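Each of the next two complexes has chain A plus one more chain, namely chain B in the first and chain C in the second.
So, the complex of A and B:
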């Protein structure tokens, strides 16, 4: 069921009514049933996989819990009879055992994800190599990729790791865990929630509160505005250019980078607004996934503000663990002796960063363009890190310049463009082609053609660009206004203005949204990719 | 809290009113494509007809109810629209029986060739004009192409919202009222564009000449519906046979067989143009695809005789009020024809 569909809107209306009509202590069951009904729209065959993740996570988490309890009981019972060293050794053995149990959980679930999502990519690469030797290539039956598998797998594995680290108490009610795994608003495109933040909220009773519900619905409306008025309109021109990328070189590449940046922002943040809004209307607060990312002044900052929950997941569950693995510690120690502590720790950080970005790229899609996209992000971050002392010197030398607003804007625009260029790997979908088209930006002009009417031959007329421009300005204005605090909260104190603005927003979505017959309503980019 | 509730209610009402106004503004007025207004015009004249014609453009361009009344005293109405599919004809007929009980229902068989919904634009031209009823819902459900949704029919604003950037003077001129375009469902075309060399071309060969199962099912449903309502179903094929809308002998044979099996009358006028008196150098407005008003008058006169002689409509009686209404309609018809 697409978020941008009448069916979804009807589903939300029914869910909200059912949720608040259910006695408070049973509301979570309504939510679970609703989530499974929502999931059923994606195909009943997908159920097998989400149930597998739920059941396996439940068993593994309970086994880990049992081991933790056993360990604690043993230590408590033998506090006076065993030495500190013996206790330490016992705990280390117990931790190892827990780790093996955790590994089973990770192996099984990431294994399913790998087979379903990445086996075709792996086989195609193997076939490319085999073909070089003229041998018979491998074939693979077509596999389904269940909706939201990347999101719920990562979220659930995060839960297992947290249970292993004893950061959260495992859920004892399998149905409640099932709700955490399948909570429907975030199934399509995240955010990737933590059990410590979401688990209790999902099962807690929520009484109807007009303010909460209206805030949630306002956020949903805002999401639809971004998605339907901006993203789904801009996508028409993007698709035209992507249909024959060889024809749209030079300045068109620059235009595509700009439009795609607008589209992905409006699409992804719009989708998250809908997700967060639906949850909010039910009294559930989901983690925020964006914090005005296009105002970032560096790549590193950008990745702290864009897809925040994904970034923090990779930081906590990939980067950090890799950084403290035994081989890394050994490497750190060895290098520290020869090259100094700074160089050693930087080397370890670079290796962990590279692995993390490789996995991040792979997570975004089973294709080389995503891997290269991840590694380029990594490269930019590492170069920025390496050049940090030079920047510092420059900033100290020209304090008036670097502290000026203009310089600050320059840094934001630079980061925006840099991220946009790298991001275009994502839409062209072919590494070689993307590099060639980047080159064309410098070798071929095309600007004259573009400005002399070519821009209006991409499927969007002047009026479409005006609609997009006005909508982008509205989004920008709200983004700036939100720096001082919640816009909705401030409007709440002015009900007439609030009613006028949200009424106008609803009319704008209906009148200027690119939906219905004649428009190819695209799915949310992240939802489509992360099935 | 009370103040907030009042503001919310008022704002909601204001939004609904604005959206209702915008809906009136953006829905197509069919000022250029007059066919889009045909179905909706029926309700002003609903009731008391002896004959109801159903079908596609071949009915609303081939028969003139005003002439049928003038020459034979038969009251009739055409419930036809562009590329009207069989199931649309069925549901329009079902709806018609809610308003009246005609003695004869005439169905043009050309649409039997379509077994699936065709184009959304044609669907809208037929369905938007229908009043809301179970028949309309049935017609929509049967007609929707993959890209369509029932919600878009309930709230046409959701379908036509993008026209907000394409509004014309007509959208304001016909904001609340639509112009009357037909004469009891007949859409007058006075132009003359003779059949040219293309006329000798025949339709291209088909892989399969079987008429689609769905169309035949709806034809059967239409027959049952007529039987249930005491009306005689008469099948016809209008005389035009352009290569663009070729009526194949193989299709004709299937209709003949069906009519024989069910005891229905079937008239294929394609080969009777000489008897009818149709001259394709003067009686068509689009190179022989459709008849113009001069051809339609000849066709109506010819068919009126058949209705009178073979379908018991020789001595139908009408009230004085009906007769007065028809006199007005006939006057209006000739006023436009001779303008």
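So, the complex of A and C:
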């Protein structure tokens, strides 16, 4: 069931009614049933995989819990009879044992994800090598990729790692864990929640509260505005250019980068608004996934503000563990003696950053363009890091310039453009072609043609561009206003103004939503990519 | 504690680590500093800081970091 469909809106209405009509202590069961019904629309065969993740996570988490209890009981009973060194050695052995149990959970679940999502990519790469030797190539496997498998696998593995780290107490009721794995609003495109933040909320009773429900629905409406009025309109011009990319070079590439930045922002943040809004209407607060990312002044900052839950997942469960592994610590110490502490730490951090971004690229899609996309982001971050002392000197040398508003805007625009250029690897889907088209931008061929009317031959008329422009300005204005606090909260005390504004928003969605324009208007970019 | 302050000051000589309380939240310490600190703490204090303890609350001040080292040493 797609978010941008009448079916989903009807489903939400039924879910909200059922949720608040259910006695408080059974509400979580309504949520679980609703989540499974929602998932059933994706195909019953997908159930096997989500159930596998749930059952395996339950068993592994309970086994780890048992080991932690054994360890703590032993230490408590022998605290006075064994030395500190013996105690530490015992804890290290116990941790290693539960790490092996955790590995089974990770291996099984990431294994399923790898086979379903990446085997065709792996086979096609093997085929490319085989073909060089003239041997017979292998046939590509055609496997189903269950809806939301990347999201629920990463979320559930985060839970398992937290149990292993003794950061959370494992859920003892398998049905409650099943709800954490399958909570329907976030199944399609995240956010990737932490059990410590979401687990208890899902099963807690929530009484009907008009303000909470109306705030949630307002956020849903805002999401549809971004998705239907902006994203699904600009995608028409993007699609035209991508259908024959060789024809749209030079200035058109720049236009595509700009339009795609607008589309992905409106599409992804709009989808998350719908997700967070639906949860909010049921009294459940999900983690925010965006914090005005396009105002970032550096790539590093951008990645702290875009797809926040994914970034923090990779930081906490990949970057940090790699950085402090024994081999890395040894490398750090060995290098510190020879080249100094800064160089040693930088080397370790750069290795961990490269691995993290390689995996981030792979997570975004089973294709080379995504891997190159990840590694380019990594390269920009590492270059910025290496140039940090130079920037510092520049800032000290020209304080009036670097502290001016104009310089700050320049940094934001620079970051926006840089991220936009790298992001266009998503669109073209072919690394060689993308590089060639980037090169064509410098000639700016086609600028005259574009400005003399070519822009209106991409499937969007002048009025479409005006609608997009006005809508983008509205989104920008709300984004700026939200810096000072919740816009909905400020409107809450002014019911007439609030009703007028949200009424206008609803009318805008109905009147200007890009419906029936001959393409699949309802699919979300991230939902599609992370099935 | 003195040894720790020394370590931190070596990374950022311009910061007063005895009083600073939002080292992570204010962006004083970044991932590079953390990697360096974890390695140095391992060498100097003989305490290994596991990945799960690398959270803002433990690195926001010298005091919090020292409390972490003490706790890990005692566990």
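By definition in this document, the second predicted complex is superposed on the first by the 522 of 531 C-alpha atoms of A that agree within 3 Å, B and C clash if a C-alpha of one lies under 4 Å from a C-alpha of the other, contacts with A are read in each partner's own complex, and residues count from 1 in each chain.
By our rule, contacts are C-beta pairs under 8 Å (C-beta built on N, C-alpha and C of every residue); 3 or more make two chains touch, one makes a residue touch a chain.
Everything numeric here is computed off the predicted structure, so don't read it as measured data.
In the superposition on chain A, contact is made by A:499 with chain B only, not with chain C. Of the two partner chains, neither chain B nor chain C is touched by A:140. By the touch criterion stated above, A:481 is placed in contact with neither chain B nor chain C. In the superposition on chain A, A:507 makes contact with chain B only, not with chain C. In the superposition on chain A, A:333 makes contact with chain C only, while chain B stays out of contact range. Contacts of A:387 after superposition: neither chain B nor chain C is touched.
Remark: chain C residues 10, 31-36, 38-40, 42-43, 48-52, 54, 75 touch chain A in the complex. Residues of chain A that touch chain C in their complex: 87-88, 91, 162, 165-167, 315-316, 319-321, 323-324, 329, 332-333, 336, 341-342, 344-346, 348-349, 352, 385. Only residues 6, 210, 461, 463-464, 467, 495-496, 499-500, 502-503, 506-507, 510-519 of chain A touch chain B when the two sit together in their complex. Across the complex, chain B meets chain A through its residues 3-4, 7-8, 10-12, 14-15, 18-19, 22, 120, 147-149, 151-152, 157-159, 161-162, 164-165.
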